[in-house]
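Multiple structures are listed underneath, in structure tokens.
Both of the next two complexes hold chain A, though its partner changes from chain B to chain C.
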Partner chain A sequence: MKFRAKIVDAACLNHFTRVSNMIAKLARTCTLRISPEKLNFILWDRQPSGGASTWCELEQENFFSEFQMEGVSAENNVIYLELTSENLSRALKTAQNARTLKIKLTNKHFPCLTVSIELLSVSNSSRIVTHDIPIKVIPRKLWKDLQEPSVPDADVSIYLPVLKTMKSVLEKMKNISNHLVIEANLNGELNLKVETELVCVTTHFRDLGNPPLASDDASLDRDPAEMVAVLVDIRKLLPFLAGQQVNPTKALCNVVAGRMVHLDVLHEDVSLQCFIPALALA
Partner chain B sequence: MPLLTQHVRDENRQYCLVASLDNVRNFSTVLKAIHFQEHATCFATKNGIKVTVENAKCVQANAFIQAEVFQEFRVEEESVIFRINLTILLDCLSIFGSNPMPGTFTALRMCYQGHGQPLMLFLEEGGVVTVCKINTQEPVGTLDFDFCSTNVISKIILQSEGLREAFSELDMTSEILQMTISPDRPYFRLSTFGNAGSSHLDYPKDCDLMESFHCNHTQVNRYKLSLLKPSTKALVLSCKVSIRTDNRGFLSLQYMIKNEDGQISFVDYYCCPDEDIPESES
Partner chain C sequence: MLKCGMSGIFGKAIQALSRVSEELWLDPSEKGLALRSINSSSSAYGYVLFSSVFFEHYQWSTLENVNDNDRSLYLNCKLGMKSILPIFRCLNSFERNVEKCTIFTTSDKCKVVIQFFCRYGIKKTHTVCFQESRPVQVNFEKNMCCNTLMIQPRLLAEAMVLFSSNQEEVTLAVSSLNLCLKSSRGESAGLTNSVYSEMIIGPDEFDLFQVGLDTEITFCCKELKGMLTFSEATHVPVSIHFDFPGKPVAVSIVDMLLEANFILSTLADDPGGAHSPPLLCLSQARRRSHRRRLDSKAGVGGAAQAPECISRKAAPKRLCPPGTPAKNSNSKDWAAEHGGCPQLKRANLDDIREASKSCASGAEDDRGSFSLRKFSSMFFGAVSSDQREHLTCPSESLATASDSDID
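== the complex of A and B ==
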């Protein structure tokens, strides 16, 4: 098992730092999946009831100038590591204004992800800061738990509104109830609703637009105004929105009635997907 | 939101209270100033809305929002009264965020059909509409402090900044705040008696912050600090404060609050004294 990668471009380095900051905000520990083409940060919220999961995907060639890896075997050319997300983001904090960043899988008494940062200095002497981040290599028998959740065909797929507005609305709604009803239709309308004995609050977003559905025949015989609903735990959704620092290039919400919400957000070349299972509709 | 406006217009006739304003913060800010208890009693007449909050039958806060603050204000009956959960009302009013981006305003339309009916809020910002239905409760009688201007012994008008610092630095280990107002030195003194000793803060009669000072004879009153502390919320927002005490030692604090459009609202605090101190002691 080998892994060694290098970033030399300042913009790529900044971008990689931003991604790791976002991951650190979303979860305490994460799984890093390394394959020849891609890096994935996988966030699992391990709950017996079926927790939410978030998948972050980066094309390695968009970030790294050098990228070598050798998986467990030729036919299973992947590596799965578990690490504390904050350790990575903290290590990368030193990398601002760095000349190069190297990431390497090492074994120093215990397995580590070694991040060495070559800093710019006024004189010619170069300074190198090295962080050894302890990791756990995930054995092959546990890989099957880390497969990307498959998305059943969405009943409604709709573009998300400005995430900042959505976030502030959900933050206030969370004070009222943890149970959020998400309703969407094929007319570009999205409703967020919380209800208790005391109060019922509904926020209506309009003119959001719908991307074409994968299965065209299904949409033909459906009334576009018909709302499809799903009940989710607001606390699963909020961290995902709170982690978004800039407005994404594309943000999509797929609703599978009564079963799950799939949020698909694209930041330039970083794709972020969040799968939130539905709670039973009351 | 043409659909929504139409819907509202059709139902207008059956509402006994309709109020709209372009900037919800002109309303919510004043309510925040009295938010130290969960429940509030709202009292609307053609002059405006009075919202009352009480604690321990010893302190009462009233926020007055005059009809002029609203762009539309109609009360179909002599007076409309209901009790509401203030925490929920404030969460609803600030659903689009407490600190909006400069230049964006949340518009509000508030409707109430009458006894036993919910309070309806329609909030709109940037084309996004939130509808809130807050259940109201049976109003309970509010305290009458019988604070009559003919019984007033001393009256001080201060610029709020003068009191703001004093209140933020009050020794909270002291159970009471002692207020001495006298026609001679020390004129106006705030004292606390805490674990670390006692402290006195004097305002000379002719200092810049003092706009007016009337006092015929010396009065020393003690007030529970825990009851006065919540008034800091109003103090922070206000530009001027009037401090009055009557012959029974009851305290009236009246805060003048200027909203973003330069209109003025008032928040009153009434507090009963903690115990009587014989005048000879002072």
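== the complex of A and C ==
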């Protein structure tokens, strides 16, 4: 198994650092999937009740000037690694004004992802910074859990409002209850609702717009004003919103009534999808 | 009296020393005011000397009567970091608000009074009780070290950022080619989750790069980080002096106005695997046991206008004027146990311990001749009539007040 990649462009480096920061905010451990064309960060919340999972994908050629990998075997030309997300983001943070950044898979005492940074300092001499991030190679038998989740057939697809607004609303709602009802319709209306015995609070977002429908008969039959709802845990949704540091290029929400909500966010060329299952009603 | 800009630096020195230990010795002398701190395991020692020119007005005077014992007559003032650190805590506002700062001690009271004269006529007075304790002094011949590096503090701080806050130790490996700052292997070998980081710095980034011995030393970075913050405030380059592993490393800054030395013990190259840094095995000078003679200055002679004096306490009861209850439990406890010199926690500072014992034994002898004993008087701050006025005003006392506190 081999992997080596190099970033020389400052903008690419910053973008990659931002992605890594976002992942670090979402979960403590993440899986890095390396394939010839893509790099994926996979966050899999292994909970028996069904946890949220996040799938982040980026095209390697948008970031790396050099990219070479060799997977486990010719047929399975992929590498799955598990690492602590914060280790990577912290290592990348030191690369702010780097001339070059190299990442490679090494085995010094234990398997590591070695991040090697060439910094240009004030006195025009370069400093070399190396971080050896310990990783675990994930055996092939566990790969099946780490495949890209299929995008569900949504009942309603709607564009999300400004994420920062949504996040601040949800943060306050969390104090009332953890059970959040997400309702959306094809008229560009989204409602977020929390309810207790004493109080019911709903935030209404209007004029959000809906992406063009795929030619699907079931969707066409739906009354545009009809709300489709799903009950989820706020605590699974908030970290996802908190991790978005900049406004995404595109943010979409797909609601599958009573089953799950699928958030699809695109940051320039990095796609981040979050699949949150519905809470099982008692 | 400290100029306003300087209060910030003074405060930063205290903050840096607070990383070393919970106790601070205030040690004024003719040269200036020294702040000293040593940690409980004797593996780190901090010393900052503010020369007399650092202060707008600095006065330290002693009055000495002929006496036949060999006592040093310095202010043996030990403050708790918890008391003094909050006073200098809000440093950012210092630059803007504080115009003047005076520090002086009051006679017979074992108190240090720190006053801030701020904008809009606001005056803040802090009174801190101190314990009498002979300051520890560590002598380390840093100029005798094989390796000396001098670097701008900002550059070193950039390197230290690499190391996450949960990494306690850092290794400095130097060769004639470069310096390598890396996380200590000892820690990460066992834990498979910590990142091993390394930064290689070339010699041209240093103001001085003198390597006589290719070596690798490991020490705690907590105190180093404190020192770096302080040195960044002073804009003076940091010098690092070291030798082989096991011998302490000295991190110092030297300037016309101040001199700071942080001496940290390093991990010895012990194949047995020493896990804790060895205690400072340095020659520790006995605290100025020789008598100092100072000609009595005019200012000290006249009692009416005399700068405030501290009498050298011979007997524990004398801490408080007779007839008053003990000020606080601290002084009472140690006074009861040790007769004048408080217990010292460190196990291996044998020299100091002997000194304290002699102090204690001497104290008994002297009880009778207390009134004849030499006074050591110290203050720095303006000598003016204002001062007495401040004294007569009730000042906030952090210790349990006793009625006869105020003269």
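Just so it is clear, the second predicted complex is superposed on the first by the 275 of 282 C-alpha atoms of A that agree within 3 Å, B and C clash if a C-alpha of one lies under 4 Å from a C-alpha of the other, contacts with A are read in each partner's own complex, and residues count from 1 in each chain.
The rule is simple: a residue touches a chain if its C-beta (ideal position, glycine included) is under 8 Å from a C-beta of that chain, and two chains touch if they have at least 3 such contacts.
Quantities reported herein were computed from a predicted structural model and do not represent experimental measurements.
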Touched partner set for A:110, first chain B, second chain C, both or neither: second
A:169 touches, of chain B and chain C: first, second, both or neither? first
First (chain B), second (chain C), both or neither touched by A:205: first
Chain B versus chain C as contact partner of A:235, first or second or both or neither: neither
Contacts of A:127 with chain B and chain C, given as first, second, both or neither: second
Touching partner for A:87 - first (chain B), second (chain C), both, neither: second
Contacts of A:140 with chain B and chain C, given as first, second, both or neither: neither
Residue ranges of chain C in contact with chain A within the complex: 155, 158-159, 161-162, 164, 189, 192-202, 204-205
Of all residues in chain B, those that touch chain A in their complex: 85, 87-88, 91-92, 94-98, 125-135
Complex contact set, residues of chain A against chain B: 161-162, 164-165, 168-169, 172-173, 175-176, 197-207
Footprint of chain C on chain A - complex, ascending: 84, 87, 90-91, 94, 108-110, 112, 121-123, 125-134
